[in-house]
Amino acid sequence: MNATNNNPIIAVKDLTIRFGGHAAVDQVSLEVMPFTLKSIIGPNGAGKTTFFNLLSGQYKPTGGKVFLKGKDITNLSAPMRCRLGLGRSFQLTNIFPLLTVLENVRLAIQARKGYGFNFWRHYLHFSACEDEAYQILKEVLLDEKWLYPANLLTHGEQRKLEMAILMALKPEILFLDEPTAGMSQEEVPAILEILERIKSMGDKTILLVEHKMDMIMNLSDSIAVLQDGRLIADSDPETIYRSKEVQEAYLGGGAKRE
Amino acid sequence: MNDAVLKADNLQTYIGHHHILQGISFEARADAVTVLIGRNGAGKSTTLKTLMGLLPPSEGVIVYNGMNIQGKRPYEIARMGIGYVPEDMGIFADLTVEENFKVAKLKEDEATAGRLDRILELFGALGKFWHAPAGNLSGGQKQMLAIGRAMVNNISLLLIDEPSKGLAPIIVEALIEAINQIKEECVVVLVEQNFYMASAVGDYFHILDDGRIVHSGRMEALVDDEELKSRYLGISKSKS
Amino acid sequence: AEPIKIGIIQGLSGPLEIYGKAEVTGFKMGLEYFTKGTNQINGRDVTLVIEDTQLQAARAKMLLTKLYSDDKVDLAIGPTSSGVALAVLPVARDFKKILIVEPAVADSITGKDWNRYVFRTGRNSSQDAISNAAAVAKPGVSIACIGQDYAFGRDGIAAYKEAAEKLGAKIVHEEYCDPKGTDFVAPIQRIIEAMKDLPEPKFVWVIWAGKGGPIPQLISAGLDKYGIEITSGGNVLAALKMMKPLDGMQGATYYYYENPKNPVNDWLVEEHFKRFGDPPDFFTCGGFAAAGAVVKAITAAGSTDTEKLIAAMEGMEFMTPKGTMKFRKEDHQALQTMFAFKLKVDPDVEWAIPVLTRELTMDETAPPIANKK
Amino acid sequence: MLRREQRKKRYYSIGFVLPCLVLALFVLIPFLGPSYKTLDLALKIIIFASLVASFDIMLGYTGILSFGHGMFFGIGAYCVAFLNGKYGDPTYFHLFLGLLLAVAVACVLALIVSLISLRVKAIFFAMITLALAELTIVLANKLSHFTGGEDGISISLPGIFSAAFSPGSFLGLDISGRVITYYFILLACLGLFALMLRFTHSPLGRVLQAIRDNTDRAEALGYKTFYFQTLSIVLGCTVAAMTGGLYAMWVGYVNPESTLEVMAIMLNVLLMVIIGGMGTLYGGIVGAAFLLITQTFLPDLQKLAIDLFPNASLLHTILERWLLLFGILFILVVIFFPKGVVGSAREFIARARGEAFFSS
Amino acid sequence: MTETILKRWDNELVIAGIAVLLLLPLFGMPPKTYLTLTIAGLAMGMLLFLVASGVSIILGLMDVLNFAHGALFAWGAYVGFSTFKLLEKWVQADSVLLNFGAFAAAIICAMTVVAVLGMVLERVIVRRVYGNHLFQILITFGATIVLVEMIRVIWGPNDDVMSVPLTFQGNWDVFDVIIDRYRIICILIGALVFGAVQLILKKTKLGLIVRAGVENRDMVQAMGHNIFLLFTGVFAVGAGLAALGGLAMSIFSLQVYPDMGSTYLLFAFIVVIIGGLGSVTGSLVGALIVGLSYNYVAYLVPWAAAGVNIIIMIIILLIRPKGLFTAGK
């Protein structure tokens, strides 16, 4: 790989958040090397989504720090972090329900290009935006439904749209929270392919939360395991897969499947 | 006992102006798990909603335990002992986990309490967040709550929409176990994308495509039928 | 000959609709009476164009413009509420046509917002206040005033104060309350504290426009314990019903059907009972008076030309159910008799009866002239 | 490419021709309708259409329900009234200054309102804005030395706008100050409308729609929603103040009851938005026209009935209570036109063209 | 769990803070006046609570903004008015028993008639606009117009005087503090209603089901609850409470008039908003705050009285954007 840089692109130190008395993320320290794909796994409620929320700025931590390329971003707001290149998808579908599919994606591109505050020109004049949005929809196999309001999509399609919005943001770092949950078996490969392609371009860093072990094993450069908010392992896929602790806490018999 | 407990015949359902279900007919037998599979947008969820009375079909008959329940209101159907887990989980986010269960419980008796204990054993996390607002649960925990809620009553038919999504493998295993247990007492109709789970619990399958059933049979047959799997489910051997 | 056209704008729907409707009834009856049933003035038929302001200033303004420009009415009468009246005054000026304001009461209509096309048959709030003062004020009397905290209340109390002090009474306390208030305990407490140690006779004068008002709570606050009496203006019959617990209260009123003794009123009361089964009220009388003014003015001017009418009307005396009224030359306000009363409760009558104690003459109740800047 | 052409075509066909026709109608009305009632009605439709559109920017496009909108309308009216009634003379300069003042005050006030109110959400926002509006009414009544209290302020207009001005006639139409004021206001509202159209059809407008739909998601895309919401409020309120100023010019009188009575104005505006269709801007015209026309002519129905059926006394009693009919109409409209006339029409056209779905 | 405890604490802190604030005026007036004002304010607060309780329940449980509350309120007053008219003898009688008989009859008639009206309203129009505040505002406002006009048709457009049983008039003079009898009755009724509503919400799962139904109607139905019936029921109860409020208020102010509801509607909403949606306790506290602070301010700084409710509401919302109490959230 062309990783010229050996400093971690994201580093978190003793990151903690408490909701009332409960520590959803507890003293997690972790580094992500640039241009790699790191998976985060763990039982339900382990704190994966919360961890993402902390990185993308949806939540403010109770303690600890987040660094992006060595810079402390702990106190930046979500939109600011988004502009710095942190993009995320949501575990539970989070789209603009009444806008068309195309518009959903176009808005993301517009946000990236930063002319949200432009109010002098008709939005259709920014045609490059629309073309690009359409292109992305093609990639995630949603181009036929570009004129549908997003709330009329089925569950699986909404997941794909979520993915498309993220791709439109072209973030340097992608956080993917269970991108394939609810997607039909037939379509998972398409998403996998997208991920693989993004990965092979070699200029993106990806953090992935998934429960589909085969997918994780195929894609990941490294895997971190969370349990009860704590980081219990962080290593290469093989080691994790063999680790007894992980087997017991997370995989159960499911590891044997397919 | 191999009678059809639930029988759907020629269901036609419209949503707005869209003809979504275009003649769905199938049966669900006692002691068995019937799995509906198919690609996104095939109409699986719509089928369950139609059965539940949430989307009244414009045509067709639904017979349950020898009674025509087509046209009945959802709450009447539910009171006949039918549990339902929707794909968006239908959590009451402002209510606590406890209150979610309270709303779900139709009776307060010992049997219900026993079932609740079993559910909490199966999904340990729920007990831990008993008094927390359900909206704060993690994705998987919500899914657990949705399933648990549906099973707390004495039901004889369970309609579940994609229960395994978002659940950790170890929980999926437990869920498979649980479904295999309850199918003794209760008919299960399952919509599932996770073929592993579908094949582990399913006895019969129906493949939906474009609002129609295009293939039905016993699950074992499907597991071995590579052609069918790759045609409708996009599962090719090399990918395993 | 071509008919005389008269426009009427009143609030015929909404909260004040009975007032507006009574005005219209009164005007029609007045027209009938003063034209002796012919419905003709100077041999010309009279047609009415009646419009509903819905109590909206903008709508009223449109309607009056419409009446003057589209319907070409010779003069117009109305409207019900003061806000609406103030809005439409300039229309009369712009079209150089007469507007007889009836029954809106704001002083500024014949005060700072007046123009020479505006006449008013209705009383203004100063007249009310002055006559109320005349009813109780004399040397040795202490009075507290309570009214709404906005211009109507403040102006009313100011006029009252001036009149009362002129008559030798002392205003010891002024209380302005929240115009929309429902709980008057606090103001009443303040009044009690201001007055409890004063020698009798002592009064609290209530001036309140619109619904509600502090009277019921004044009654139940035990003012009698401190020897404080309530005094207030008379009101429409519906409001007099609420004054039943105020047996013996003194005040002054614009109209009560049993008080004025003259043939016009006798006819009005009799006919009204005959036709509607109930007595005429404030606003029936008001409409009737306006009709009196119109008939007399057109007859005297001999035409409906505005200038001639103005010339005829300035200083004109005309008959109304309240007796003779007179348009004052300077501000076109009709000077009129008011009626001091003492309430009497009769179990067979639904409302408290304001028994006449004294007629206050038009000069006695004449308000100050306020239209010179 | 293809789909963009499609969109453009749609934009130019119905979205263009129809408004032009409506505009032409409004231009011709002084020539068509000889009566003042018609002129007044047309003008009120124009003003309220602009007011409704400005409200729509906040409600339909940004998803902010504010009950304070009527307050801005009133404040605009008062600004003009101050400078052309109480504290100024009827000169063009004062008129211009009054309108400018309306804009300036509205801008500042809208900024303050968004700063304090945007902290609270949804119904709470609605209530807090309503509270602020009620407070202005209380103040307007209280500070009667400054505002004229409930007696209000009468306005006189300069030169060519004044009612007395009448230079002659043109094509059979008496040119009077009224007519000139009519055209002036029409022109001003046209400008406001153009501004709002440009605004909503710009990328910024699109972001507003996104915020309406899902505020959190917009935030996660990198839009600082607070700024966008503030901007939308400021624009909406400023336009409202402008329309208020124009309204004051036309009516020539302001008082708290008629120009500030927030609930009454707001309910009318809300209903107009709904009838016309939320998030359509043009809907304002339809909504305003519908509501004002019914309100103007429903009371006349009784007179008509008395003329036509002099003996049907039951009918008379019913029609006398025209508000009852109005209320029923009100309910029916909300039930049967949830998307409004313009919204429903757009959907219908889209379906007729065989497009599966359509969105604004 | 600590969280819930913290929340509890939170609410107690709120109450303590309010109590301190309400004691402050004691330094600005004679104690006797303070007592008079406080008792009157409490009664006014209870009256406002009665007026607001219907709004509170309908908004808190069903998330419906019922602008027709004012009209239902007026209907309650008018039905009570007619009942008193019918039972004129009882009303005029110099017997506490008969007086209360008339009062009870008026309450029962007003509440039943208006509850039925509420049911019709829910069935015919409100049902169509669940989940959409905007449409709720509009449609219930349309209903208001219709209901108020119906009052004008049935009872005529005039104001009327409420003839009130003698027992409820007059006052007690307790150590020089004058206490209005009717105000004490209001306090009692308010407390009673509060208790009953609390009991129903706390001891049954009705409240839970309705709240769940607001979030996801389909799901509650799929759990075997006839949510529409429940909604109708809750709406009817809310309407009934509106009627009670209307009756109580009209006896207090001794008058009825067709659009009397609009005067109190804003109050009701202010009270509910201050208290926090869904919390009946909140509404009670909100109502008491409004009732008391109005009196104190009106005594100490009369010119500020007109805006005091509004300013209180704004301040409270700025400090606690969701109102004082947030039920179960």
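Order as written gives the chain letters A, B, C, D and E; numbering starts at 1 within each chain.
We take it that contacts are C-beta pairs under 8 Å (C-beta built on N, C-alpha and C of every residue); 3 or more make two chains touch, one makes a residue touch a chain.
Going by UniProt, the chains are A = Amino acid/amide ABC transporter ATP-binding protein 1, HAAT family; B = Amino acid/amide ABC transporter ATP-binding protein 2, HAAT family; D = Amino acid/amide ABC transporter membrane protein 2, HAAT family; E = Amino acid/amide ABC transporter membrane protein 1, HAAT family.
Since the model is a prediction, treat every value here as computed from it, not as a measurement.
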{"item": "Contact-graph distance - origin subunit C, target subunit E", "value": "1"}
{"item": "Greatest separation from subunit A - chain, by CA centre", "value": "C"}
{"item": "Cα-centroid distance, subunit B relative to subunit D, in whole angstrom", "value": "51"}
{"item": "Where subunit A and subunit D are represented by their mean Cα positions, the distance between them in whole Å", "value": "44"}
{"item": "Rounded Å distance between subunit A and subunit C, as computed from the means of their C-alpha atoms", "value": "76"}
{"item": "Of all residues in subunit C, the ones touching two or more other chains", "value": "149, 179"}
{"item": "Multi-partner residues of subunit A (at least 2 other chains)", "value": "19"}
{"item": "Complex contact set, residues of subunit C against subunit D", "value": "12-13, 52, 54, 56-58, 61-62, 65-66, 69-70, 82-83, 86-87, 89-90, 94, 106, 108, 113, 149-152, 154, 179"}
{"item": "Contacting residues of subunit D [partner subunit A, same complex]", "value": "1, 3-4, 7-8, 11, 198-199, 201-207, 209-210, 212-214, 216-224, 227-228, 231, 355-359"}
{"item": "Footprint of subunit C on subunit E - complex, ascending", "value": "33, 36-37, 40-41, 44, 157-161, 169-171, 173, 178, 180, 182, 249, 252-255, 257-260, 263, 291, 294-299, 302-303, 305-306"}
{"item": "Residue ranges of subunit D touching subunit E (in the complex, touch as defined)", "value": "59, 65, 116, 119-124, 126-128, 130-132, 134-135, 138-139, 141-142, 263, 267, 270-271, 274, 317, 321, 323-324, 326-328, 330-331, 334-335, 338"}
{"item": "Subunit E-touching residues of subunit B, taken from the complex the two chains share", "value": "52-54, 73-75, 77-79, 84, 86, 90-96, 99-100, 102-104, 106, 131-133, 149, 153"}
